[in-house]
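Structures given as C-alpha coordinates follow.
Shared between the two complexes below is subunit A, which pairs with subunit B and subunit C, respectively.
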Partner chain A sequence: MKSRFHAGDAVTVRAAYPPGHIRTPHYIRGKRGVIERICGEFANPEELAFGRDGLPKRPLYRVRFGQRHVWPDYGGAPEDTVDIEIFEHWLEPAAREAAT
Partner chain B sequence: MSEHAHGHPHDHARTFQRDHDDGSPLPYLQVMEIAMRELLIETGVITPDEVRRQIERMDARGHSRGARVVARAWTDPEFKARLLANGRAGCDEMGITDLEALHLVVVENTEKVHNVIVCTLCSCYPKPLLGLPPAWYKSLPYRKRMVREPRAVLKEFGLELPEDVIVRIHDSTADMRYMVFPRRPEGTERWGEEELAATVSRDCLIGVALPRASQP
Partner chain C sequence: MRRHHDMGGIPDGPVDTSAHDAELWEKRVDAVRNLLGQKNLLRTDEHRRHIENLPPGDYDGLSYYERWILSISNHLLEKGVFTADDLGRKMAEVEAREAKDREHYK
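The block that comes next holds the complex of A and B.
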(Lines of atoms letter the chains of each structure in order from A and count residues from 1; the text may use other names and numbers.)
(Lines give C-alpha, C1' and ligand atoms only; values in the text may rest on other atoms or scores of the structure.)
Protein backbone atom coordinates (compact mmCIF):
# COMPACT_ATOMS: atom_id res chain seq x y z
CA MET A 1 0.00 0.00 0.00
CA LYS A 2 1.34 3.44 -0.89
CA SER A 3 1.52 5.74 2.10
CA ARG A 4 -0.48 8.93 1.75
CA PHE A 5 1.80 11.09 3.93
CA HIS A 6 5.53 11.67 4.20
CA ALA A 7 7.91 12.95 6.88
CA GLY A 8 7.33 16.68 7.38
CA ASP A 9 3.70 16.67 6.19
CA ALA A 10 1.23 18.55 8.38
CA VAL A 11 -1.75 16.44 9.46
CA THR A 12 -4.86 16.66 11.58
CA VAL A 13 -6.09 13.73 13.65
CA ARG A 14 -9.74 12.90 12.97
CA ALA A 15 -12.02 14.03 15.77
CA ALA A 16 -14.13 10.88 15.64
CA TYR A 17 -15.35 8.76 18.54
CA PRO A 18 -16.40 5.37 17.17
CA PRO A 19 -16.85 2.45 19.58
CA GLY A 20 -14.35 -0.42 19.65
CA HIS A 21 -10.66 -0.94 20.24
CA ILE A 22 -9.07 2.29 19.00
CA ARG A 23 -5.34 2.96 19.35
CA THR A 24 -5.71 6.70 18.74
CA PRO A 25 -5.73 8.33 22.20
CA HIS A 26 -8.69 10.61 22.94
CA TYR A 27 -6.44 13.50 23.96
CA ILE A 28 -4.98 13.81 20.46
CA ARG A 29 -8.16 13.63 18.38
CA GLY A 30 -8.73 16.85 16.46
CA LYS A 31 -5.14 18.04 17.04
CA ARG A 32 -2.62 19.10 14.40
CA GLY A 33 0.85 17.64 14.10
CA VAL A 34 3.66 16.84 11.69
CA ILE A 35 4.64 13.39 10.38
CA GLU A 36 7.92 12.45 12.09
CA ARG A 37 8.39 9.16 10.21
CA ILE A 38 6.60 6.32 8.49
CA CYS A 39 6.80 3.24 10.73
CA GLY A 40 5.73 0.74 8.10
CA GLU A 41 2.50 -1.17 7.54
CA PHE A 42 0.72 -3.04 10.30
CA ALA A 43 -2.46 -5.05 10.75
CA ASN A 44 -5.36 -2.82 11.77
CA PRO A 45 -5.82 -3.17 15.56
CA GLU A 46 -9.46 -2.12 15.26
CA GLU A 47 -10.06 -5.37 13.35
CA LEU A 48 -7.61 -7.57 15.26
CA ALA A 49 -9.44 -6.78 18.50
CA PHE A 50 -12.49 -8.62 17.17
CA GLY A 51 -10.60 -11.73 16.09
CA ARG A 52 -10.36 -10.74 12.42
CA ASP A 53 -7.11 -10.72 10.42
CA GLY A 54 -6.68 -6.92 10.30
CA LEU A 55 -5.85 -7.06 6.60
CA PRO A 56 -5.06 -5.21 4.44
CA LYS A 57 -2.29 -3.75 6.58
CA ARG A 58 -2.44 -0.02 7.13
CA PRO A 59 0.40 2.54 7.04
CA LEU A 60 1.42 3.61 10.54
CA TYR A 61 3.06 6.96 11.25
CA ARG A 62 4.75 8.68 14.14
CA VAL A 63 3.24 12.14 14.43
CA ARG A 64 4.85 14.94 16.45
CA PHE A 65 2.64 17.42 18.29
CA GLY A 66 3.55 20.61 20.13
CA GLN A 67 2.57 20.22 23.79
CA ARG A 68 1.27 23.81 23.98
CA HIS A 69 -1.12 22.98 21.14
CA VAL A 70 -2.24 19.70 22.72
CA TRP A 71 -2.74 21.18 26.20
CA PRO A 72 -3.55 24.91 26.04
CA ASP A 73 -2.49 25.36 29.68
CA TYR A 74 0.72 23.31 29.28
CA GLY A 75 3.28 24.48 31.81
CA GLY A 76 6.52 23.34 30.15
CA ALA A 77 8.77 24.85 27.49
CA PRO A 78 7.20 26.04 24.19
CA GLU A 79 9.18 23.50 22.13
CA ASP A 80 8.20 20.43 24.19
CA THR A 81 6.56 17.74 22.08
CA VAL A 82 4.66 14.46 22.24
CA ASP A 83 5.17 11.84 19.50
CA ILE A 84 2.31 9.40 18.92
CA GLU A 85 1.84 6.43 16.58
CA ILE A 86 -1.27 6.94 14.48
CA PHE A 87 -2.71 4.84 11.66
CA GLU A 88 -3.28 6.50 8.30
CA HIS A 89 -7.05 6.26 8.38
CA TRP A 90 -7.04 8.56 11.42
CA LEU A 91 -5.13 11.34 9.63
CA GLU A 92 -6.17 14.15 7.29
CA PRO A 93 -3.91 16.66 5.52
CA ALA A 94 -3.55 20.04 7.28
CA ALA A 95 -2.04 23.39 6.38
CA ARG A 96 1.68 23.43 7.26
CA GLU A 97 1.71 26.76 9.12
CA ALA A 98 -1.12 25.67 11.40
CA ALA A 99 0.82 22.70 12.75
CA THR A 100 2.64 24.22 15.69
CA MET B 1 -16.72 2.71 50.94
CA SER B 2 -16.96 -1.03 51.45
CA GLU B 3 -17.82 -3.17 54.45
CA HIS B 4 -16.17 -6.59 54.20
CA ALA B 5 -14.64 -9.61 55.93
CA HIS B 6 -12.55 -7.84 58.54
CA GLY B 7 -15.50 -5.72 59.55
CA HIS B 8 -14.53 -2.08 59.24
CA PRO B 9 -15.49 0.39 56.57
CA HIS B 10 -12.77 1.85 54.36
CA ASP B 11 -11.91 2.38 50.74
CA HIS B 12 -9.04 0.18 49.66
CA ALA B 13 -8.70 1.87 46.29
CA ARG B 14 -7.81 5.14 47.95
CA THR B 15 -5.24 3.89 50.39
CA PHE B 16 -3.31 1.05 48.79
CA GLN B 17 -3.48 -1.50 46.05
CA ARG B 18 -6.30 -3.96 46.47
CA ASP B 19 -5.31 -7.42 47.67
CA HIS B 20 -5.28 -9.78 44.70
CA ASP B 21 -7.04 -12.44 46.76
CA ASP B 22 -9.61 -10.37 48.58
CA GLY B 23 -12.43 -12.79 47.89
CA SER B 24 -14.08 -10.81 45.10
CA PRO B 25 -15.11 -12.78 41.98
CA LEU B 26 -12.36 -13.36 39.39
CA PRO B 27 -12.54 -11.11 36.34
CA TYR B 28 -13.77 -12.75 33.12
CA LEU B 29 -10.36 -12.79 31.41
CA GLN B 30 -8.69 -14.37 34.42
CA VAL B 31 -11.29 -17.13 34.48
CA MET B 32 -10.63 -17.71 30.77
CA GLU B 33 -6.87 -17.81 31.36
CA ILE B 34 -7.23 -20.44 34.08
CA ALA B 35 -9.63 -22.50 31.97
CA MET B 36 -7.28 -22.38 28.97
CA ARG B 37 -4.23 -23.25 31.05
CA GLU B 38 -5.98 -26.21 32.70
CA LEU B 39 -7.15 -27.51 29.34
CA LEU B 40 -3.65 -27.27 27.86
CA ILE B 41 -2.23 -29.13 30.85
CA GLU B 42 -4.96 -31.81 30.91
CA THR B 43 -4.51 -32.54 27.21
CA GLY B 44 -0.74 -32.77 27.63
CA VAL B 45 0.19 -29.77 25.45
CA ILE B 46 2.15 -28.12 28.25
CA THR B 47 3.15 -29.06 31.79
CA PRO B 48 2.64 -27.00 34.95
CA ASP B 49 6.42 -26.86 35.35
CA GLU B 50 6.80 -25.31 31.88
CA VAL B 51 4.27 -22.61 32.78
CA ARG B 52 6.13 -21.90 36.02
CA ARG B 53 9.51 -21.80 34.27
CA GLN B 54 8.25 -19.38 31.62
CA ILE B 55 6.91 -17.03 34.31
CA GLU B 56 10.18 -17.30 36.18
CA ARG B 57 12.14 -16.51 33.01
CA MET B 58 9.99 -13.49 32.21
CA ASP B 59 10.30 -12.18 35.77
CA ALA B 60 14.08 -12.63 35.72
CA ARG B 61 14.58 -10.76 32.45
CA GLY B 62 15.98 -7.34 33.35
CA HIS B 63 17.26 -4.31 31.49
CA SER B 64 20.84 -5.59 31.08
CA ARG B 65 20.51 -6.14 27.34
CA GLY B 66 19.27 -2.59 26.82
CA ALA B 67 22.19 -1.29 28.89
CA ARG B 68 24.69 -3.33 26.84
CA VAL B 69 23.31 -1.94 23.58
CA VAL B 70 23.70 1.61 24.91
CA ALA B 71 27.26 1.01 26.13
CA ARG B 72 28.26 -0.42 22.75
CA ALA B 73 26.80 2.62 20.98
CA TRP B 74 28.70 4.96 23.33
CA THR B 75 31.98 3.35 22.34
CA ASP B 76 31.29 2.78 18.63
CA PRO B 77 29.88 5.79 16.70
CA GLU B 78 29.17 3.75 13.58
CA PHE B 79 27.18 1.21 15.55
CA LYS B 80 25.34 4.09 17.22
CA ALA B 81 24.34 5.51 13.81
CA ARG B 82 23.00 2.11 12.72
CA LEU B 83 21.15 1.63 16.03
CA LEU B 84 19.44 5.02 15.80
CA ALA B 85 18.49 4.34 12.18
CA ASN B 86 17.08 0.89 12.97
CA GLY B 87 16.91 -0.23 16.59
CA ARG B 88 16.15 -3.82 15.76
CA ALA B 89 19.08 -4.16 13.36
CA GLY B 90 21.40 -2.79 16.05
CA CYS B 91 20.26 -5.49 18.49
CA ASP B 92 20.58 -8.20 15.83
CA GLU B 93 24.16 -7.06 15.26
CA MET B 94 24.93 -7.65 18.93
CA GLY B 95 23.61 -11.18 18.71
CA ILE B 96 20.50 -10.44 20.75
CA THR B 97 18.16 -12.89 19.12
CA ASP B 98 14.91 -13.64 20.97
CA LEU B 99 13.36 -10.23 20.38
CA GLU B 100 10.01 -11.66 19.30
CA ALA B 101 8.11 -9.13 17.17
CA LEU B 102 9.94 -6.11 18.57
CA HIS B 103 9.89 -3.02 16.34
CA LEU B 104 12.37 -0.86 18.19
CA VAL B 105 12.78 2.90 17.92
CA VAL B 106 15.81 4.23 19.83
CA VAL B 107 15.48 7.91 20.70
CA GLU B 108 18.63 9.87 21.47
CA ASN B 109 19.05 12.31 24.33
CA THR B 110 21.24 15.27 23.43
CA GLU B 111 22.30 18.48 25.13
CA LYS B 112 19.07 20.01 23.83
CA VAL B 113 16.55 17.14 23.87
CA HIS B 114 15.41 14.78 26.62
CA ASN B 115 13.19 11.81 25.70
CA VAL B 116 10.70 9.93 27.89
CA ILE B 117 8.65 6.80 27.16
CA VAL B 118 5.04 6.24 28.21
CA CYS B 119 2.06 4.23 27.01
CA THR B 120 -1.09 6.19 27.78
CA LEU B 121 -3.40 3.45 26.43
CA CYS B 122 -2.02 0.46 28.38
CA SER B 123 1.56 -0.46 29.25
CA CYS B 124 3.47 -1.10 26.00
CA TYR B 125 7.14 -1.54 26.83
CA PRO B 126 10.19 -3.10 25.09
CA LYS B 127 10.09 -6.22 27.30
CA PRO B 128 12.64 -8.30 25.33
CA LEU B 129 15.25 -5.59 26.00
CA LEU B 130 14.19 -4.11 29.34
CA GLY B 131 12.32 -6.96 31.04
CA LEU B 132 8.91 -6.46 32.63
CA PRO B 133 7.85 -2.86 33.19
CA PRO B 134 7.93 -1.47 36.74
CA ALA B 135 4.57 -1.18 38.52
CA TRP B 136 4.62 2.62 38.31
CA TYR B 137 4.99 2.50 34.52
CA LYS B 138 1.64 0.69 34.34
CA SER B 139 -0.07 2.97 36.86
CA LEU B 140 -2.74 5.45 35.81
CA PRO B 141 -1.05 8.46 37.42
CA TYR B 142 2.17 7.92 35.44
CA ARG B 143 0.31 7.28 32.19
CA LYS B 144 -1.95 10.31 32.57
CA ARG B 145 0.53 12.77 34.00
CA MET B 146 3.70 11.99 32.02
CA VAL B 147 2.04 13.15 28.84
CA ARG B 148 0.26 16.10 30.47
CA GLU B 149 2.86 17.57 32.84
CA PRO B 150 6.11 15.70 32.14
CA ARG B 151 8.42 18.19 33.81
CA ALA B 152 6.52 17.98 37.09
CA VAL B 153 6.58 14.17 36.98
CA LEU B 154 10.29 14.08 36.12
CA LYS B 155 10.96 16.38 39.07
CA GLU B 156 9.21 13.87 41.33
CA PHE B 157 11.61 11.25 39.96
CA GLY B 158 14.45 13.59 40.95
CA LEU B 159 15.18 14.83 37.45
CA GLU B 160 14.90 18.58 37.00
CA LEU B 161 15.52 19.71 33.44
CA PRO B 162 16.39 23.28 32.40
CA GLU B 163 13.78 25.17 30.36
CA ASP B 164 16.02 25.19 27.29
CA VAL B 165 16.06 21.40 27.10
CA ILE B 166 13.16 20.16 24.96
CA VAL B 167 11.13 17.40 26.62
CA ARG B 168 10.00 14.90 24.01
CA ILE B 169 7.39 12.40 25.16
CA HIS B 170 6.92 9.20 23.17
CA ASP B 171 3.47 7.64 23.57
CA SER B 172 3.70 3.96 22.51
CA THR B 173 0.20 3.68 21.11
CA ALA B 174 0.60 1.00 18.44
CA ASP B 175 3.26 -1.38 17.10
CA MET B 176 6.56 0.38 17.86
CA ARG B 177 8.45 0.08 21.14
CA TYR B 178 10.83 2.71 22.43
CA MET B 179 14.10 2.88 24.28
CA VAL B 180 15.87 6.07 25.32
CA PHE B 181 19.53 6.38 24.33
CA PRO B 182 20.90 8.44 27.22
CA ARG B 183 23.95 10.70 27.13
CA ARG B 184 27.24 9.18 28.20
CA PRO B 185 28.15 10.45 31.67
CA GLU B 186 31.13 12.78 31.95
CA GLY B 187 34.33 11.32 33.31
CA THR B 188 33.87 7.93 31.60
CA GLU B 189 36.04 8.59 28.54
CA ARG B 190 38.41 5.69 29.32
CA TRP B 191 35.79 3.24 30.53
CA GLY B 192 35.14 -0.10 28.85
CA GLU B 193 31.74 -1.32 27.65
CA GLU B 194 31.04 -3.38 30.75
CA GLU B 195 31.69 -0.51 33.16
CA LEU B 196 29.68 1.82 30.98
CA ALA B 197 26.72 -0.58 30.86
CA ALA B 198 26.69 -0.59 34.67
CA THR B 199 25.89 3.16 34.68
CA VAL B 200 22.71 2.58 32.62
CA SER B 201 19.82 1.73 34.92
CA ARG B 202 16.36 0.70 33.75
CA ASP B 203 14.98 4.15 34.51
CA CYS B 204 17.62 5.77 32.26
CA LEU B 205 16.24 3.71 29.38
CA ILE B 206 12.68 4.86 30.11
CA GLY B 207 13.87 8.45 30.44
CA VAL B 208 13.09 9.25 34.08
CA ALA B 209 16.75 9.21 35.19
CA LEU B 210 20.24 9.93 33.85
CA PRO B 211 23.27 7.62 33.94
CA ARG B 212 25.93 8.56 36.47
CA ALA B 213 29.62 7.76 36.55
CA SER B 214 29.38 6.92 40.24
CA GLN B 215 26.25 5.93 42.08
CA PRO B 216 25.67 8.14 45.14
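The block that comes next holds the complex of A and C.
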Protein backbone atom coordinates (compact mmCIF):
# COMPACT_ATOMS: atom_id res chain seq x y z
CA MET A 1 0.00 0.00 0.00
CA LYS A 2 1.33 3.43 -0.90
CA SER A 3 0.23 5.92 1.72
CA ARG A 4 1.00 9.60 1.45
CA PHE A 5 1.14 10.15 5.24
CA HIS A 6 2.67 8.33 8.21
CA ALA A 7 2.13 8.29 11.98
CA GLY A 8 3.17 11.65 13.44
CA ASP A 9 2.62 13.67 10.24
CA ALA A 10 0.66 16.90 10.68
CA VAL A 11 -2.32 17.24 8.37
CA THR A 12 -5.15 19.62 7.59
CA VAL A 13 -8.59 18.29 6.70
CA ARG A 14 -9.81 19.77 3.43
CA ALA A 15 -12.56 22.33 3.86
CA ALA A 16 -14.68 20.93 1.02
CA TYR A 17 -18.47 20.64 1.01
CA PRO A 18 -19.52 18.37 -1.87
CA PRO A 19 -22.97 16.77 -1.95
CA GLY A 20 -23.32 12.99 -1.70
CA HIS A 21 -22.42 10.49 1.01
CA ILE A 22 -19.42 12.01 2.81
CA ARG A 23 -17.88 10.32 5.83
CA THR A 24 -15.69 13.26 6.90
CA PRO A 25 -17.71 15.05 9.61
CA HIS A 26 -18.59 18.65 8.88
CA TYR A 27 -17.15 19.87 12.19
CA ILE A 28 -13.66 18.58 11.44
CA ARG A 29 -13.25 20.08 7.96
CA GLY A 30 -10.54 22.75 7.87
CA LYS A 31 -9.06 21.56 11.20
CA ARG A 32 -5.45 20.50 11.84
CA GLY A 33 -4.48 17.17 13.37
CA VAL A 34 -1.76 14.54 13.53
CA ILE A 35 -1.80 11.08 11.94
CA GLU A 36 -2.18 8.59 14.80
CA ARG A 37 -2.05 5.47 12.62
CA ILE A 38 -2.79 4.07 9.21
CA CYS A 39 -5.94 1.94 9.45
CA GLY A 40 -5.52 0.16 6.12
CA GLU A 41 -6.99 0.76 2.70
CA PHE A 42 -10.63 0.53 1.75
CA ALA A 43 -12.95 1.01 -1.21
CA ASN A 44 -14.10 4.63 -1.35
CA PRO A 45 -17.53 4.84 0.39
CA GLU A 46 -18.32 8.06 -1.49
CA GLU A 47 -18.39 5.94 -4.67
CA LEU A 48 -19.88 2.79 -3.12
CA ALA A 49 -22.82 4.95 -2.05
CA PHE A 50 -23.73 5.38 -5.73
CA GLY A 51 -23.38 1.71 -6.65
CA ARG A 52 -19.88 1.98 -8.16
CA ASP A 53 -16.91 -0.20 -7.14
CA GLY A 54 -15.04 2.46 -5.14
CA LEU A 55 -11.70 1.32 -6.59
CA PRO A 56 -8.81 1.90 -6.34
CA LYS A 57 -8.87 1.40 -2.58
CA ARG A 58 -7.78 4.42 -0.59
CA PRO A 59 -5.71 4.69 2.58
CA LEU A 60 -7.72 5.45 5.72
CA TYR A 61 -6.03 7.18 8.66
CA ARG A 62 -6.90 7.68 12.28
CA VAL A 63 -6.25 11.37 12.86
CA ARG A 64 -5.93 12.94 16.31
CA PHE A 65 -7.18 16.48 16.98
CA GLY A 66 -6.95 18.68 20.06
CA GLN A 67 -10.44 19.27 21.45
CA ARG A 68 -9.62 22.91 22.16
CA HIS A 69 -8.63 23.37 18.53
CA VAL A 70 -11.83 21.72 17.26
CA TRP A 71 -14.15 23.44 19.75
CA PRO A 72 -12.90 26.94 20.69
CA ASP A 73 -15.20 27.02 23.75
CA TYR A 74 -14.25 23.49 24.89
CA GLY A 75 -14.44 23.28 28.70
CA GLY A 76 -12.46 20.06 29.33
CA ALA A 77 -8.77 19.43 29.96
CA PRO A 78 -6.39 21.12 27.50
CA GLU A 79 -4.78 17.76 26.62
CA ASP A 80 -8.10 16.17 25.57
CA THR A 81 -8.17 14.86 22.03
CA VAL A 82 -10.64 13.38 19.55
CA ASP A 83 -9.69 10.67 17.00
CA ILE A 84 -11.48 10.52 13.66
CA GLU A 85 -10.96 8.10 10.77
CA ILE A 86 -10.48 10.04 7.56
CA PHE A 87 -9.66 8.97 4.00
CA GLU A 88 -6.46 10.19 2.40
CA HIS A 89 -8.14 12.32 -0.26
CA TRP A 90 -9.55 14.53 2.52
CA LEU A 91 -6.10 15.34 3.97
CA GLU A 92 -3.36 17.83 3.07
CA PRO A 93 0.09 18.19 4.67
CA ALA A 94 0.30 20.81 7.45
CA ALA A 95 3.09 22.48 9.44
CA ARG A 96 3.93 20.32 12.49
CA GLU A 97 3.83 23.09 15.15
CA ALA A 98 0.37 24.24 14.09
CA ALA A 99 -1.19 20.83 14.62
CA THR A 100 -2.31 20.97 18.26
CA MET B 1 -22.79 23.80 3.74
CA ARG B 2 -23.51 21.31 6.50
CA ARG B 3 -25.96 18.62 5.47
CA HIS B 4 -28.85 18.03 7.83
CA HIS B 5 -27.82 14.57 9.08
CA ASP B 6 -24.24 15.67 9.79
CA MET B 7 -25.12 17.12 13.19
CA GLY B 8 -22.05 16.30 15.31
CA GLY B 9 -21.30 19.20 17.66
CA ILE B 10 -24.70 20.88 17.36
CA PRO B 11 -26.19 21.54 20.82
CA ASP B 12 -29.07 19.21 21.72
CA GLY B 13 -30.64 17.39 24.65
CA PRO B 14 -29.60 14.10 26.28
CA VAL B 15 -29.57 10.88 24.24
CA ASP B 16 -32.09 8.22 25.32
CA THR B 17 -29.96 5.11 25.85
CA SER B 18 -32.60 2.95 27.54
CA ALA B 19 -33.03 -0.55 26.13
CA HIS B 20 -36.20 -1.31 24.16
CA ASP B 21 -37.67 -4.26 22.29
CA ALA B 22 -37.99 -4.15 18.53
CA GLU B 23 -41.52 -4.57 17.19
CA LEU B 24 -42.31 -7.33 14.73
CA TRP B 25 -42.40 -4.97 11.74
CA GLU B 26 -39.02 -3.55 12.76
CA LYS B 27 -37.51 -7.04 12.85
CA ARG B 28 -38.96 -7.62 9.39
CA VAL B 29 -37.36 -4.44 8.07
CA ASP B 30 -34.06 -5.60 9.54
CA ALA B 31 -34.46 -8.99 7.86
CA VAL B 32 -35.31 -7.39 4.49
CA ARG B 33 -32.24 -5.16 4.72
CA ASN B 34 -30.06 -8.23 5.46
CA LEU B 35 -31.48 -10.17 2.53
CA LEU B 36 -30.92 -7.24 0.17
CA GLY B 37 -27.30 -7.11 1.33
CA GLN B 38 -26.83 -10.84 0.74
CA LYS B 39 -28.28 -10.48 -2.75
CA ASN B 40 -26.04 -7.50 -3.53
CA LEU B 41 -29.05 -5.25 -4.01
CA LEU B 42 -28.24 -2.77 -1.25
CA ARG B 43 -24.88 -1.76 0.15
CA THR B 44 -24.35 -0.10 3.51
CA ASP B 45 -23.09 3.09 1.86
CA GLU B 46 -26.07 3.21 -0.51
CA HIS B 47 -28.40 2.69 2.44
CA ARG B 48 -26.70 5.53 4.34
CA ARG B 49 -26.90 7.84 1.32
CA HIS B 50 -30.65 7.30 1.04
CA ILE B 51 -31.15 7.90 4.77
CA GLU B 52 -29.05 11.07 4.61
CA ASN B 53 -31.10 12.24 1.63
CA LEU B 54 -34.39 12.15 3.55
CA PRO B 55 -35.93 15.61 3.95
CA PRO B 56 -34.91 17.14 7.33
CA GLY B 57 -38.47 16.85 8.66
CA ASP B 58 -38.55 13.11 7.90
CA TYR B 59 -35.02 12.61 9.18
CA ASP B 60 -35.93 14.14 12.55
CA GLY B 61 -39.51 12.91 12.83
CA LEU B 62 -39.27 9.28 11.75
CA SER B 63 -38.07 6.39 13.87
CA TYR B 64 -34.92 4.41 13.07
CA TYR B 65 -36.66 1.65 11.12
CA GLU B 66 -39.09 4.06 9.46
CA ARG B 67 -36.02 5.76 7.96
CA TRP B 68 -34.73 2.34 6.94
CA ILE B 69 -37.88 1.28 5.12
CA LEU B 70 -38.02 4.61 3.25
CA SER B 71 -34.38 4.20 2.23
CA ILE B 72 -34.99 0.62 1.10
CA SER B 73 -38.13 1.60 -0.87
CA ASN B 74 -36.40 4.51 -2.60
CA HIS B 75 -33.40 2.35 -3.44
CA LEU B 76 -35.40 -0.51 -4.92
CA LEU B 77 -37.43 1.96 -6.99
CA GLU B 78 -34.17 3.44 -8.32
CA LYS B 79 -32.79 -0.01 -9.09
CA GLY B 80 -35.97 -1.00 -10.87
CA VAL B 81 -36.61 -4.00 -8.58
CA PHE B 82 -40.23 -2.89 -8.47
CA THR B 83 -42.20 0.02 -9.87
CA ALA B 84 -44.03 2.69 -7.89
CA ASP B 85 -47.24 1.15 -9.19
CA ASP B 86 -46.24 -2.33 -7.90
CA LEU B 87 -45.39 -0.87 -4.51
CA GLY B 88 -48.54 1.25 -4.26
CA ARG B 89 -50.80 -1.70 -5.11
CA LYS B 90 -49.02 -3.98 -2.65
CA MET B 91 -49.27 -1.39 0.12
CA ALA B 92 -53.01 -1.05 -0.48
CA GLU B 93 -53.38 -4.85 -0.46
CA VAL B 94 -51.51 -5.21 2.85
CA GLU B 95 -53.47 -2.34 4.37
CA ALA B 96 -56.80 -3.99 3.40
CA ARG B 97 -55.63 -7.35 4.79
CA GLU B 98 -54.57 -5.77 8.08
CA ALA B 99 -57.89 -3.92 8.38
CA LYS B 100 -59.75 -7.19 7.83
CA ASP B 101 -57.61 -8.92 10.50
CA ARG B 102 -58.30 -6.12 12.95
CA GLU B 103 -62.01 -6.47 12.31
CA HIS B 104 -61.80 -10.25 12.76
CA TYR B 105 -59.96 -10.09 16.09
CA LYS B 106 -62.01 -7.25 17.56
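Criterion: the second predicted complex is superposed on the first by the 99 of 100 C-alpha atoms of A that agree within 3 Å, B and C clash if a C-alpha of one lies under 4 Å from a C-alpha of the other, contacts with A are read in each partner's own complex, and residues count from 1 in each chain.
In the analysis below, contacts are C-beta pairs under 8 Å (C-beta built on N, C-alpha and C of every residue); 3 or more make two chains touch, one makes a residue touch a chain.
All figures in this text were calculated on a predicted structure; none of them were measured in a lab.
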If you tally the residues of subunit A touched by each partner, is the higher count for subunit B or for subunit C? B
Given the touch rule stated above, what does A:A94 touch, subunit B (first), subunit C (second), both, or neither? neither
Should A:I38 be classified as contacting the first partner (subunit B), the second (subunit C), both, or neither? neither
Using the touch definition from the top, say if A:Y17 reaches subunit B (first), subunit C (second), both or neither. second
Return first, second, both or neither, reflecting whether A:Y27 touches subunit B, subunit C, both chains, or no partner chain. both
Regarding the shared-chain residue A:A49, is it in contact with subunit B (first), subunit C (second), both, or neither? second
Tell me the contact category for A:E79 with respect to subunit B and subunit C: first, second, both or neither. first
Kindly classify A:R62 by the partners it touches after superposition: subunit B alone (first), subunit C alone (second), both, or neither? first
Would you mind listing the overlap between the subunit B footprint and the subunit C footprint on subunit A? 25, 27, 45, 71
Residues of subunit A defined as touching subunit B within the complex: 23-25, 27, 39-40, 42, 45, 60, 62, 67, 71, 74-77, 79-87
Subunit C residues touching subunit A - in the complex, by the definition given at the top: 1-3, 6, 8-9, 43-46, 48-49, 52
List of subunit A residues in touch with subunit C within their complex: 17, 19-22, 25-27, 45-46, 48-51, 71
Mind listing the subunit B positions that touch subunit A in their complex? 103, 105, 120-121, 147-152, 163-176
